[in-house]
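As written, the chain order gives the labels A, B, C and D, with residue 1 at the start of each chain.
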């Protein structure tokens, strides 16, 4: 959809105008930009290797060598938090992409074509809703050796049914609307109906779902790493927390600080998601 | 989505269970490396004799479909395989952990639904009030906070700085007392993990309850109820609530699987001796038979709970019942 | 003349918005005599349903009666507290709505919902209330009433649900029944049955009826007098026969002229059009709200609001040009 | 009298079926005949009206003519061509000759497209004209339905229901179709706006020699718009006659019931309604059709034969067809 500057407001311009006035959402956006910037340029600015032992173990925050203290091996916690973002965000983002890609494709096919494709999808989502997601992901990672890719794939594999159901519902709803019937009566091909009519109109809830999926995937990655199922070569927030868990009473900072950053990241994404929801689905705005 | 007869539900439940079994089988065989090695990796490198023994025991030298049928028949006899690390039947290991998990998950669910519904109702009745804002903040924080981090904070706060509750486990081994003292002890241990697990779902249910209550209160039949001259209390707690409860039941049913997954993290943090903690241990030991057994059992649990919610839904929504 | 059942006087209803308040009803006044049927007629957004809700004390949040009185047998409903309103609603005054599909609560049986009124207002025991509900279902001509009593709303057709709504509304033999577009959602053959039922019940119970509708045909079928509303204001009051024979207000004339009616003969004649559309209530000028769509309007119409003037006994119009 | 010409549209024994989900776990799927053996023809430049209540199959008939639903049996001839036999690219190209105006002015326009894009859509899909020609045509169409050219840049939500229906009409006329199927085009509009749209449709028909199939539940609207009218009840056509004749001398008891039930501003002048003229009870669900005449259960004149044998649509005279065992004027 192109947005021209002149002429009356397009739905997209209207959505942006609403989003811009939403303070929590802007706050979330700022927070997210900050965190992403930290993970991207942080390691070069703060040149401490997160795996180097820099000081005594379990040193409290405020130390000259380690501003946020050290972990149970004496590694710099701040360096760990800065580098840990990369794995967390990369896995979160790629898992979310996989989830949405898989979910939207399958949901769109099922919703548009119906019939046996649809029945198959419904059965499959039912199947995945029966398996507890984390336990399923644990099984997969356990059997297929942990790596960033395995983790991302397993998260995607357990998460796709939710966006698939949403996409299917949207497609089912929109394909029966009169403007789609009118387009059929004009002789529009399926390709045009899907890409030009249904998808743009199904986009708002899907965009919101995509945002929430990123948050969920980051949380999921955190959980897996916390249990020691992440890539043990890549420092991540969850991994730091999991390794320092036995020492929470001796060194509260080693688990609390990475947790705060993880929480802040997901919170930022959720705030943006809420803001997008208000902006893109104006009918529900009163809620 | 719902509908169909109870018999139909039962058939599809069996179908789902079969799919779970098939999935387990396929995943095990798709895993890189030799199946016998995967099954025994928890022993830390098995000898050739042990591997051969395992191959023979599981019939791994047979064609795949024979293996699958054998696997199926073992399952039907309650044999989930043998844990390589514990060197004990998986079924027994899991059964020992069933009660703690059911206690934890059940308590958390009830807590989340009851409190969440209460908050949601109050919020829906006063859209501009404090409770409404509280629900908004709570749902945001509850959704975004990693449950294992919440657990750690709760531990630090209420087991360390303010030592009101025990930090780990389900029972105090030093305790000597009658059954009542034991029950109290378990409940004492239960508070922190249950509250932690409930916090995530409390956030979701309070928001859901608010939405469905707002929907119900805005419905035409509420205007009819008011036009009949019914008091506000009857309108809200009889006419609106009976309808608003329906989506909560649906979502609660769907989320049991998520709740079980969350229990893994919470049980790990609090050392709660449930199935989740067992799953964590099986990962530490790379114990594949145990992990697969847990996946199967949790799926079975979810299927049973889903059927129960379905029956409950039938009981409270006449539109399903009389179709 | 006897005392009216309902006397609406100078009622103004406002909606509170951030940018100030918008008047959605302006200085409305009419009466309903015992046993009489008065129609409120107009296009969507003219305020006819809001009038009904104001009478019932069921105005949505942020909408309130800013001025005027609504007297039911002398008692002012606009100033009554919640407890008093609850005592009156469903007993001395009741209401049925447009969409019978959504107006009944889906999780209670038909019997429970009818019995509830009797238990609240008449203090009947559950068993007695249910027995009386059965009588009511018979009174509204529902087939197999004993069976219907135990059914849920979704098991009934639209026409039957509207009958159930009517049974509920007349359970306490009210002085006044308000019917808000009672047949708009129904098929025309079923509509005729519902009209017949309303006529019959009115006669038997001697209740007055306010019929809210956009359909001049329905007005002609059912009402004794009509109030034509436009943009929150009553523009013409008249006995129905006179209103249809000799409408005075240009809006009423347009409203009657634009109905494709097969009995008026020439099908080739174009329908009368009312050009343009209903104005935004927040942007109405000082003059007549209809001026922009009116062929007769001049500067005076736009400058000053025409007062309601008596044209003939019982026939009042708010128009400078009538 | 207009000279007799070959009909533009001829519908012959048209049936449409829907498969309903089974009510029980292993029950049989049930087939519902939404349209059952419907036949009629429409002369070029005239309007054929189809009236009926909800569930009568009138909108499904419209959709079948537009080839938007699968046809179970029957033939549709358009200008002598077998429209029902067309498929694929041939059907796609053919669609420029027939268009549809839909009921709901809110859901019939894509909310994410500008009005000009919406009106141009049929031209884009059918690949008619150059970009410049399409743009010129869009402006022309806007003017035709009484909208200003600036309206083309706006989005649908900026218009009222009546204006949106005008946009829908402009879109339907973009490819210069010969037949326009109007499916309840004014039933979602207020009466005053309804008159504007009806007058517009009538003017367009006169000016461009359009042929209309006009679906409505409102007898007055059909009477105003149509030359020939068919009455549908539960999937069947029960009576066809010229509009004036049908409304002045209806033969089928259902048509009579419809006419008697219609509230009219002349109610007072009318002699009090004959009690028998009002149909009894609710229309049965289209999924529960029994043998015999479908109206028998609600008809006060029904006899034993009516419940046994379904009457066929047969001509009573040159102009008037009716499906009733006891049709009397």
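Methods note: a residue touches a chain if its C-beta (ideal position, glycine included) is under 8 Å from a C-beta of that chain, and two chains touch if they have at least 3 such contacts.
These numbers were taken from a predicted model, which means no experiment stands behind them.
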Between subunit A and subunit C, the fewest steps along chains that touch one another: 2
Farthest chain relative to subunit D (centres taken as mean CA coordinates): B
Selected pair, greater C-beta contact count between C-D and A-D: C-D
Centroid distance [mean C-alpha coordinates] between subunit D and subunit A, Å: 49
Whole-Å gap separating subunit C and subunit D, where each centre is the average of the chain's CA atoms: 32
Averaged-CA centre spacing for the pair subunit B and subunit A, given as whole angstrom: 23
Cα-centroid distance, subunit B relative to subunit D, in whole angstrom: 54
Residues of subunit C touching subunit B in the complex: 56, 58, 82, 85-91, 94-95, 97, 99, 102-109, 116-117, 120-121, 151-152, 154-155, 165, 168-169
Of all residues in subunit C, those that touch subunit D in their complex: 43-44, 143, 157-160, 187-193, 195-196, 214-221, 240-241, 244, 254-264, 267, 270-275, 277-278
Subunit B residues within the subunit C interface of the complex: 219-221, 223-232, 234, 239, 242-243, 316-319, 322
Contact set on subunit B toward subunit A in their complex: 12, 15-16, 19-20, 23, 27-28, 30-32, 38, 140-141, 143-149, 152-153, 155-156, 160, 167, 211, 214, 254, 257-258, 260-262, 264-265, 268-269, 279-280, 282-284, 286, 288, 291-292, 294-295, 298-299, 302-303, 306
Subunit D-facing residues of subunit A, complex: 1, 6-11, 177-179, 181-189, 192, 197, 200-201
